[in-house]
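One chain, subunit A, appears in both complexes that follow, with subunit B as partner in the first and subunit C in the second.
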Partner chain A sequence: MTDILLLMKHELTLVVIIVLLLILKIREKEEGAENYMPFVNIMLAGNFLLGLVLNRGGELFDGMFVSDNIMVLQKNILNFGVLMISMQSSAWLGRHRHAPEFFVLLLSTLLGMFLLLSSRNLLMFYLALELSTIPLAAMCNYDLAKRRSSEAAMKLILSSALSSGILLFGISLFYGATGTFDFREISSLADSSALQIMAFIMVFTGFAFKLSVVPFHLWTADVYEGSPVAVTSFLSVISKGVMVFALCNVLYTVFNQMSSIWYDLIVITSVLTMAIGNLFAIRQENIKRFLAFSSIAQVSYILIGISGMSAHGMTSSIYFILIYIFSNLGAFGVVAIVSHASGKESINDYRGFAHKNPALAWILTISLFSLAGIPPTAGFFGKLFLLNSGAGQENWYLIIFASMNMIVSLYYYLRVVKSMFMDETEEEINVESTWLARLSLYICVGGILITGFTTGIYEHILSLAQSLK
Partner chain B sequence: MNVLYLLLIPLLPFAGFLLTGLFGKAFRGSSAGLLNTTLLLISFLLSVKVVSDYFFIHGLLEDRYVPIIAFQLEWLRFSEDLVINMGVLMDPLTAVMLLVVTFISLMVHMYSIAYMKGEERFATYFSFLSLFTFSMLGLVMSSNIFQTYIFWELVGVSSFLLIGYYFQKPSAVAASKKAFIVTRFADLGFLIGILVLSYYGNSFDFLALSANLTSYDSSFHQAAIGAGFLGISALSWGLILVFMGGAGKSAMFPLHIWLPDAMEGPTPVSALIHAATMVVAGVFLVARMFALFALGGTNVLELVAWTGIISAMMAALIACTQQDIKRVLAYSTMSQIGFMMFAIGVSGYGSESGLGYTAGMFHLFTHAMFKALLFLGAGAVIHFVHSNYMDDMGGLRKMMPVTHITFLLACLAIAGIPPFAGFFSKEEILLASYNANRIIFWLALFTSGLTAFYMFRLYFSIFWKKEKAYQNHQGEGGGLLLTPLVILGILTVVSGFIPFGNFVSSDGVPVSPHLDLKFSILPVGLSLAGIIIASRLYMKESVLPEKLSARLGRIYKLLRGKFYIDEIYLFIAKKIIFRFISRPAAWVDRNIVDGLINTSAAATQLFSISTSGMQSGKLQHYAGYFLSGVLLLIVLFIFLLSN
Partner chain C sequence: MEIGLNHFLVLSTALFFIGVYGFLTRRNLITLLMSVELILNSVNINFVAFNKYLYPENLDGLFFSVFIIAIAAAEAAVAIAIIINLYRNFNTIDVEETDTMKY
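Let's look at the complex of A and B:
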């Protein structure tokens, strides 16, 4: 029993919070959610802190559920990201009639993600993936009055139905080829027969869909644009993060035998993703769409890190996700504040933003610098380690192509900075923000500025990754 | 060895820097100065304790002072071999520098409380001063050449900040920029030198570098000697480049042009940074790597020696013609550093032949005392007269008795009159050069006589001559201003009697120099002659000096114009670098580089527009792309890439 309590601690805490929220909802009076936003945030903070202590490795349910140090770290990173998002969206949700349900959905998604990370069985893996997707579609629809929000939800649920179908098809093919759902057995039976290659590609597209890898990315921009900012940031940070972690785990352990195939697959898709993501980001006018395409491009760099096929590959992608959480949430935090205060979401609306709101403008600037990978922000170190890991395969064309794309991406990140600082405007945006949102922004900026110089972090993750083998 | 004490020595000034730098506004009156002075006093007492522990307890092992790595911490690890450490190296050299830096800095801090009183940015001044002290201490304690480089640059930055302290004055801004740029230029050489040496020596640590590059049978040494460029071995190149950095910091010819201008800073700053501590960093650097210079590089020490003597002589000649008393002192500093430099340059490694090394460091030690005293005295004079120029001064000996006596002591010391401190160190230098290189010895002897002349020209012009009418009713200055003068004055008298060779020598084995009285007759006689000539020319108001300068005509002009070296630099910078390198580079940048960028940007834009049809917004299209993506990948991997 203690085994279950300790090994599934992250998941069980979430379940407890979900139940508490449901009770809260039943007892709710008319006055709205503002009163218990702090309560929710405290619970999430408690959840994050609880995740840091009393961790153990081991397996449960005949090896269907496992937990080890690196998974615990991944879950903690996700917990942290969710806490930040919740803090940033406190103003928006405070006035929303259905805030408790929002958190129920959010935490259910997160629960699905945790199970996804820990599962060692294809069937459970699939179930966890669905659990992490369907509530997300409901969340996309949370701007109840806006048609675009409903459209986003519709597009997400239909697209993911298609992707799930293909994934399930791939899983059944694997079952046909190997006669088992268990990861370890599949791993020992995996070969490069045509059937397995086909099955593998189908499973891979399941990941690729969630990660918005080209050509499975088309839903991304529409969904990002239509959803509320909190959901967009969740999609771009948490949902991406968990899929990167899971992809890493799966490729490095289950499909280790097929590495020659997935290496090519990853290189091809990452080159495509990089080119398309950057080219589309250049032309966006809506800041959420712009961040959507920028996040597509970011994923391609992570793929390069993963293609390194070493402990460095895993380490650098986890490290990058941590930095990416800081940078992207820094940017989305500012966008959320502006969007909530004025409803404006176009890049042109940010003209002259720095004159009236220097603090927010600087936070957005630092975050964008970090996303663009300009030293000395953490994003630079994150990308450096990714490329360094990818360089382990000595595929120099790929590395050079990636570096050139990073230069292209400077253009559109700096465009936003330019319009904030250099352009003039008559219409000034007046913003106000809650202290929770400000606190989360300061944490993000602090993370961006400090993480890169704290060499211990990368080495700590590396030691965890090396202990796996 | 108490590591905590050792680490506190630089960290206390650093704490002072942070406190007064961050909360400068919160300090009222003189409290910022008092705080930093107190911290520095503790720092000084700690270094006395640490140094005496080293010399009398820990350091001596089988009649030899051994270097001790008191503290080490791995900072960056690039690979198994390439590691950068941060550490504290304790050896006689560090010990002497610790004492000099903390002591002079303490004196200058005390003096500054009175001197800078009423300044608007009083706290800022003290925070810069403490930053400098921290950096300088870090520099002398470094166990590692890379760490040295970091502190080397920090010292440069604090010097920049302090020279430009009066940033309202355009001349101060120009001087600070000049100092920074010239030394940065030299530091480029230093950095390349570090890379060359550490590449061949396979380490950044001083001790490992010496061990790897000086023993003739080590493979590193063979490689460093074997590789070469322009007929000079890689090892020698590395050392020459490192020396270039040292020459820049120590204002050696031809990189000296920043030092006279640096006098734009407040006078106590000149005393601390541009006389006693920072400018000797170059000498320190050569001394720190002396084993490498002496045993590794062929003939590099000869370059050091000639650079030293040329600078010494040139600066002394220029100093005879300057009117600004701080500039006279600046050139005299450059000249004295030249003495130290060539002393080390003529030295050999170990036992008797290492006399030059001991002498150079001894001179560094005594010079720090009397030169700081001269600058602080000059500061008091300037404070009193409100002018930097000799013409505005005269007859001050009655109005400023304490300053007068201490200034006289310092002048006698620098002129090398026994029994003052400068006599002993200079005599050793002359003896060392006599044994090693006779040409350098004669030039040095001449320069030494010249030193006596221009220093007493300064002394007589300030304190004798005719009395002027001064607009001053505040008197000589308070106790805080005069105490450092008196303390330094006493030390100027006694510090020469320290048996320096017992502590500091090229290989750690104590040496006892034996001064020959007969040898001293000539230099002392020359110095006395210089003093007598100066007294005839400048003690009373007379027309003789003007006649003399008219007689010398061209030569006088050349000296007055400081050999026109500044103008040569300007010519090279403006006429050659700007015209033939910068402008074509700008053209290429504007037309070719920008053109390429614009073309590629336009191409990107075009491609971006042409693919935009993909993002139609229709879900059925998305599904189509999705499925065809899956199918294409499957076909690609099963049929095309599978073999």
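Let's look at the complex of A and C:
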């Protein structure tokens, strides 16, 4: 019994919070949702702190559910990201009539993601994947009266339904080839026969949809643009991070016998993603759309790190996701404040932004520098480790191509910075923000500045990853 | 003629690609949803056929198909709710006309 409580601690805490929120909703009176937000934030902070203590490794339910140190770390990173998003979105949700339901959906998604990370069985994996995508579509639709919001939700639910259909077909072929759903048994039976390669490509396609890797990226920009900012940041940070972790787990545990096949696949998709993500980001005018393409481009660097196939591959991708959470949430936090105060989301609206709001402008600048990978910020070290891990395969053309793409990406990140600091405008935006949102922004900036220089973090993750093997 | 595993696999693969084709060519959102159902049902046929012909000693495949049916219902419920809301905003459920966001 204590085993279940300790090993499933992250999941059980979320379930308790979800039930509490549902009870709150039933007892709701006519007053607005402002009263919920401090309560929700305190619970999420408690959830994050509880995730840090009393962790154990082990397995439950006949090996269907596994927990180890690296998963605990991944879950803590996700908990932290959700706490930040909740702090940033309190101003927007305070006006919304259905704030408790928003968190019920958000936390159900997070619950699905935790189960996705811990599952060691294809059935459980599929159920967790669906739990983490279906509520997400409902969240995209949260601005009920806005046309763009419902269009975004429609695009997300249909493309995720198609992608999970393709993933399922791959799983069914794997079942035909091996006769089991258990990850370890599949891994020992994997023999690169034609049927298994076909199955693997279909499973990888499912992942590629969720990660918005290039041939399957078309939904990303529309969904990011149409959704409310809080949901966009959730999609781009948490949802992407968890799929990176899950892809890492699956490739390294289930398909480690087939590494020569997936290496080629990852290199091709990574090169395509890099080129197209960067080229399309250049021509975007809407800042959410621009951040969408920037996140597509970031995934391609993570894929290079994963292609390293060692403990360094896993470590560098986790480390990069941690930094990515800081930098992307820093950027989205500012976008959320501006969008909430003035409704403006175009890059041109940011002209002269620094004159009236120097603090916010600097936060956005530091976040964009970190996304671009300019040295004093953590983003540089994240990308350095990713490329370093990818270089372990000695595929130098790939590394050179990636480095050149990082230079291209400087152009569009600096374009926003230029328009904030150097352009003039008559119509200046006046913004006000809650102290919670400001606090989360300061935490993000602190994270960006500190994480890169604290070498202990990378070494800590590396020691965890090496202890797995 | 004995009906064997191959027949089922040909059927399910055909159904899968009919579903994908429908998904990519149809314009009505409800029809897109029906195409997704076709894909999921082809997977169900796959699971049950593999279970019956290759691994009859345990029922893993059958269980999986039951779960797929349940999840498909949940997915359809959310999707239809979204489509109804979309209809309220756009007065149409044609994919070609719900394109306020473009490249």
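As a convention for this text, the second predicted complex is superposed on the first by the 469 of 469 C-alpha atoms of A that agree within 3 Å, B and C clash if a C-alpha of one lies under 4 Å from a C-alpha of the other, contacts with A are read in each partner's own complex, and residues count from 1 in each chain.
Everything that follows uses one rule, which is that a residue touches a chain if its C-beta (ideal position, glycine included) is under 8 Å from a C-beta of that chain, and two chains touch if they have at least 3 such contacts.
All of these numbers come straight from a predicted model, not from anything done at the bench.
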Which superposed partner A:127 touches (first subunit B, second subunit C, both, neither): second
Which of subunit B and subunit C A:222 touches, first, second, both or neither: both
Touched partner set for A:443, first subunit B, second subunit C, both or neither: neither
Partner chain(s) touched by A:186 [first = subunit B, second = subunit C, both, neither]: neither
Which of subunit B and subunit C A:408 touches, first, second, both or neither: first
Touching partner for A:158 - first (subunit B), second (subunit C), both, neither: both
Which superposed partner A:168 touches (first subunit B, second subunit C, both, neither): second
Partner chain in contact with A:194 - subunit B first, subunit C second, else both or neither: first
Touching partner for A:280 - first (subunit B), second (subunit C), both, neither: both
Footprint overlap on subunit A, where subunit B in one structure and subunit C in the other make contact: 154, 158, 162, 166, 221-222, 280
Residue numbers on subunit A that touch subunit C, as the complex places them: 122-123, 126-127, 130, 134-135, 137-138, 141, 144-148, 150-154, 157-158, 161-162, 165-166, 168-169, 171-173, 175-176, 179-181, 221-222, 225-226, 280
Subunit A to subunit B touching residues, read off their complex: 154-155, 158-159, 162-163, 166, 192, 194, 197-198, 201-202, 205, 209, 215-216, 218-219, 221-222, 261, 264-265, 268, 276, 279-280, 282-283, 408, 411, 455
For the subunit C and subunit A complex, residues of the former touching the latter: 16, 19-20, 23, 29, 32-33, 36, 39-40, 42-43, 46-47, 50-51, 54-55, 60-61, 63-64, 67-68, 71, 74-75, 78-79, 81-83, 85-86, 89-90, 98-101, 103
In the complex with subunit A, residue positions of subunit B that touch it: 76, 601, 604-605, 607-609, 611-612, 614-615, 617, 619, 621-623, 625-630, 633-634, 636-638, 641-642
